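Paired with chain B in one complex and with chain C in the other, chain A is shared by the two complexes that follow.
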Partner chain A sequence: MIAFLQQIVSGSAVGIVYALVALGFVMVHKATQVFNFAQGELMMLGAFVAYTFIVLFGLPFWLGGVIAIASVALFGAALDRILLRRMVGTKPFTIFMLTVGIGFCIRSIVMLVPIWGTETYSLPSPLQGKVFSLGGLIISADHAVILLTAALVTAALFAFFQFTRLGLAMRAISQNSLAASYLGVRVDSLFSIVWALSAAAAALAGVMLAPLSFVHSDMGQIGLKAIPAAVLGGFDSLPGALVGGLIIGIVEALAGFYLPEGVKDVAAYIVLLVVLAVKPRGLFGHADVKKV
Partner chain B sequence: MSRKSDAAAAGPARSGPRTTIAGLLGWQRWLGMVALIALAVLPWLHSGYWLSQLTFVAIYAIAGFGLQILLGFAGQVSLGQAAFLASGAYACAYVERIGLGAPLGFLAAIAVATALGLLVALPALRMSGLYLAIATMSFGFIVEEVASRWTSVTGGNAGITVPAIRIGGMSLGQPWQIYYLSWAFFLVVFLLSANLLRTPAGRAMVAIRDSEIAARSSGIRVSRIKGVAFGLSAAFAGLAGALYGHALGFISPDQFTIAMSLDLLVMILIGGLGTLRGVIFGSVFLVVSPELFQQLIGLFTAGNTEVAGLRPFLFGFSLIFVLLFQPNGIDALVTRAGEWLATARSR
Partner chain C sequence: MMSRTPGARFATRLILLLGLLCGGTCQAFATDAQGVTKDEILLGSVLDLSGPVASIGVPVREGQDMAIQAANDAGGINGRKIRIIYSDSGYDPKKAIIATQKLTNDDRVFAFVGQLGAAIVHVTMPIIINGGSLLLFPNAPIEEVYEPLKPLAFTMQPAYNVQARLAATYAYNTLGKRKFCAFYQDDDSGEQVLRGINEALDSAGVKLIEKASYKRGATDFSSQFARLKQADCDIVMFGAVVREAAAAMLERQKIGWNVDVLVSQPSATDTVIRLAGSAAEGMLGVNQMLPLDMIKDQPNVVPVFKAYADSHGGKLPDPAFLYGYNFMNLFIEAARRTGPDLTTQNFIKTLEQFRDFDLNFGMAPASFSATQHVGSLSTNLLKVVNGQWTRIGVLK
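Take a look at the complex of A and B:
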């Protein structure tokens, strides 16, 4: 029983990282109807910037993390301002491919920057190795901090969308951006803010994941695991993304513990395929009716 | 932006003399013949590195024709083409390793890939757009994992060597033999694909791409046609996978990752979505451009160090450039150059 709970705890810590990346997918998709395939690469970029400031420049962990999150958020806003704004009105597939191209570019730039390259780096957190036990259950301080931070961030984002004027405007553009713009909502700048927020969420995920695993130019692949999380939670709901991420993380941890080797790596995708086979538009997706 | 490029594309045709289309056709046929003859005599002149690179141009183009049918004609996206290449490569290698011979190996590659393609099509018929992309991507990950775990057939992560093709007592292991074989298959697949567009099924695919509801309303069996598109694209990918294995002589799961699926997608977008010529241009771009740039950089740095981020850099920026400024890819550029040549000649 303790072993089972232990798996659930460590699974949730990884799952919450998936959830943070998934939050980025959901925010951008909800507001702009764009599926941002570069989300994982933004996470990777966040981890590299944090590594640079913390390990190379010797800043404290939290300060380096904040700098990484802020700079990747700016980068996200710039992506929207420079590239995606030109594509408004084109087919979703074209914009999706544009984000694939952006992902390639981010990866190549990280590989080409001399102090980054294709090496594997580690980014130790100040809490490394500290654990506390809770009735036989051993929880590492890293995991606890990750869980707390992610829960706070999700709650803050939820409150932001639900209770502020800016959040209200964002919900308006996600329902009908044309009508919102007629009512005086500045759709353009809101899109940039949404991109900045989702890039920030990705960077935060990168900063939190780096101490658990490593910093490497291939780390964006982990971001792809967030896609099943986003789909499970219904592509349009922030709490849904959180739940989806937790489910994927826990399923993976349990599969790694109880099932044969190899199942762990694809458990997320098997769950996803089963869900999509039964409900082709995701767990909470709506069937869209098209008038002809 | 797109309006501007439309106007530019229509420009010379409207203002130029009427010979444009005939001139273009003549020009195309002429260039095709020259290219074929050049490809046919190349092994007599050169037997080194570029011969094997051109073999891969043919192989990627074969897989690309499949993806073009699925995405460019039928409008269904797939982020899992590498899985079909993998199944073809492993099926072929397995059949040849147990001694059943190359012809059966290639048949098995096509059969296994087609079967998997139809299997994917079953749930995929109900999905569209984003969800289809995600489902095919998940399928790709699962096949990749199976390839690395099913050691008795695939050799696991260590990979397996692929024996040389033997037909009767003859062995086709030389690079130039694989080269001719790949380009022969390329021609067959190209002709098949070109003629597919003129069949009712091909027309139905385009109708589904343009409007699924309109297609359904005019009596097209949407599910069946989508199934055909998935099956054909998987079959071509399986064939390409079998050739890929023989061209390299070695296959392992890390060759058939999502990176390969994305490369194929990027390739047909840069070449030109919805045209078969675009596949050929895209395939040349995919194989040749990283190599050219690598050698170009080598000229300036006087070293032979491999630049790690070069491939994603080239593909990423070219893709963004194409999507922003030239949505119809290299093919549209070449068409425009051809029109310009034709009008210049007739002046």
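Take a look at the complex of A and C:
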């Protein structure tokens, strides 16, 4: 039983990282119908900026993290304003390829920056190495912080979307941006805010992942794991992204422990196929119905 | 007196033309000097400079370039300067094939030095050899480079299974380990390490009691280590790469499991210690190349690392730099010993005379012969003591 719970805890922590990246995918797609393939690279950028402020400039971890999240959020908004807004009206595939290109560019630029480059860096958290023991269950402090932070972020996002005017406006544009604009909602500005929030979620994932997996230019590959999480949850559901990420993380951990060698790497995709066979729109997805 | 008939004139011209051609081609056959002119030796190298193993390709290039710069600044090799053409494979075999074809067929390079990646070397080696260029010291520890022997191919890197076999044999015979487990990357390099471990264990009449793999880029190893701990191994042999090895050592520390760990060459580097911190203490490893920290204070190494640091913001080079620097210097020494008449055949004959040639720059001494084109089959045995790699032996 202890071993089972151990895998649940470890899998949840990794799953939360997938979930945060998936959250960014879903936020942008829900509002703008754009699939942002550069989400993983935004996560990587967040980790590098955090490394720079925390390790190179010596700032406290929390402050460096906040600066990283804020600066990558601004970068996300700038991507929308400067590049993506010009692509309104073009084919979705074109915009998708643009985001693929943006991802490659971010990675290449990171490799060219002299203080970053192609090396791997350690970004230790203040709680690095500390563990709690709970009746035989070993929980690392880093994992506990990831789970707690995710719970707080989820609550904050829920409150934002439910109880603020801005959140209401964003829900409106995600349902019908044309109708929202007729009602006076500034759709363009809100798109930039969505991109900023999505980039912030990715950067937060990067800051939380960095102490566990180090900071390096290949970190963006996590984005590929986050896509099944978003699809599993339903590509237009924010809570679905979180649940999807958790499921992927936990399934991988349990498969890695209990099932034969090699199954861990495909377990999450098998679960995804099974879920989509039963619920094609994902666990929390729903069909859009437009009434004229 | 020469006939002035049309037939005779034609014959005369034909003989003159053939004479010129023969003179030119005979000269070419005599020197066999592809890629060599009076002033220059032309080399090629296909590296990953932007893809998934750019973290190795970029420092390899830096090492090669520093060695070339030093040789050219000292007047070149027997009056010839070295020029190298790099091509970025992005670790894509298709791009590597096209680049290699261009370098060997169009640019007609004398040799490819430091070609990077097992998959890349596997597909480009036939092109290089068929094109008449030498394949020298690729960064690809695969057996096919030297087994069966190919006249134009030389390497300093035996396949990973060779080192893994030596390591597992040491663990069995010297450390007395009997319950072996393996933690390895689920790709060719990891499978090679696993093969070497199994070869050693088969000879000893034991089997692996548990193995756990991961895909490249994995970030969580809690399930793998939980399984290995449950199997109660007395040693875990790693076939992992730097980042994943360091993360795995942190996981081992987190679950409070003090099992002995013996890592393969890619993980026996200073970077793993830098990333894993105290979790790396006591780790054993095998590596043909000594870690940077072990050689950085040598009198011959200091100026090289200082020159690197001056142009790289005070940093020490990446461990992969040593491969580029040493392999290029090995080529330079062989070309120098060949002398002014630098042809492919003369170069091969010279290199095959090398016996225990030691550059004293962290690399194992090189010995080649007409029947052995792999420069060293031994490996350093290392251990992390007080946060630093220390050599505790040599495995042969």
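In this section, the second predicted complex is superposed on the first by the 272 of 292 C-alpha atoms of A that agree within 3 Å, B and C clash if a C-alpha of one lies under 4 Å from a C-alpha of the other, contacts with A are read in each partner's own complex, and residues count from 1 in each chain.
We adopt the following convention: contacts are C-beta pairs under 8 Å (C-beta built on N, C-alpha and C of every residue); 3 or more make two chains touch, one makes a residue touch a chain.
Source: prediction; values computed, not measured.
**Q** On chain A, do chain B and chain C fit together or clash when superposed?
**A** clash
**Q** By the touch definition at the top of the document, which applies to A:Gly103: first (chain B), second (chain C), both, or neither?
**A** Touch partner of A:Gly103: chain B, not chain C.
**Q** When the two structures are overlaid on chain A, which partner does A:Asp265 contact: first (chain B), second (chain C), both, or neither?
**A** After superposition on chain A, A:Asp265 lies in contact with both partners, chain B and chain C.
**Q** Of the two partner chains, chain B (first) and chain C (second), which one does A:Leu276 touch, if any: first, second, both, or neither?
**A** After superposing on A, A:Leu276 lies in contact with chain B but is clear of chain C.
**Q** In the superposed arrangement, does A:Leu137 touch chain B (first), chain C (second), both or neither?
**A** Touch status of A:Leu137: no partner.
**Q** Which partner does A:Phe257 contact after superposing on A: first (chain B), second (chain C), both, neither?
**A** After superposition on chain A, A:Phe257 lies in contact with chain C alone.
**Q** Touch check for A:Glu119: first (chain B), second (chain C), both, or neither?
**A** Only chain C is touched by A:Glu119; chain B is not.
**Q** Is A:Ile227 touching the first partner chain B, the second partner chain C, both, or neither of them?
**A** The answer is first: A:Ile227 touches chain B but not chain C.
**Q** So, does A:Leu83 touch the first partner chain B, the second partner chain C, both, or neither?
**A** In the superposed model, A:Leu83 contacts chain B only, not chain C.
**Q** Just to be sure I read the superposition right, which of the two partners does A:Leu168 touch: chain B = first, chain C = second, or both, or neither?
**A** A:Leu168: touches no partner chain.
**Q** Chain B: which of 41-49, 203-211, 221-229 or 329-337 bumps into chain C?
**A** Stretch clashing with the third chain: 41-49.
**Q** Identify the residues of chain A that lie in both the chain B contact region and the chain C contact region.
**A** 108, 111, 117-118, 217, 221, 261-262, 265
**Q** Can you check the complex and tell me which residues of chain B touch chain A?
**A** Interface residues on chain B, with respect to chain A: 1-2, 77, 123, 126-127, 129-131, 133-135, 137-139, 141-142, 145, 148-149, 213-214, 217, 258, 262, 265-266, 269, 307-313, 315-317, 319-320, 323-324, 327.
**Q** In the complex, go through chain A and note every residue touching chain C.
**A** 3, 6-7, 10-11, 13-14, 17, 108, 111, 114-115, 117-120, 122, 124, 129, 131, 138, 140, 209, 212-214, 216-218, 221-222, 249, 252-257, 261-262, 264-265
**Q** Chain A touches which residues of chain C in the complex?
**A** Chain C reaches chain A through residues 50, 52, 54-55, 58-59, 186, 211-213, 215, 217, 219-220, 222-224, 226-227, 230, 242-243, 246-247, 250, 253-256, 271, 274-275, 277-279, 312-313, 318.
**Q** Please output the residues of chain A touching chain B within their complex, sorted ascending.
**A** So the residues of chain A touching chain B come out as 35, 83, 86-87, 90, 92-94, 96-98, 100-105, 107-112, 117-118, 217, 221, 224, 227-228, 231, 235, 261-262, 265-266, 269-270, 272-273, 276-277, 280-282, 285, 290, 292.
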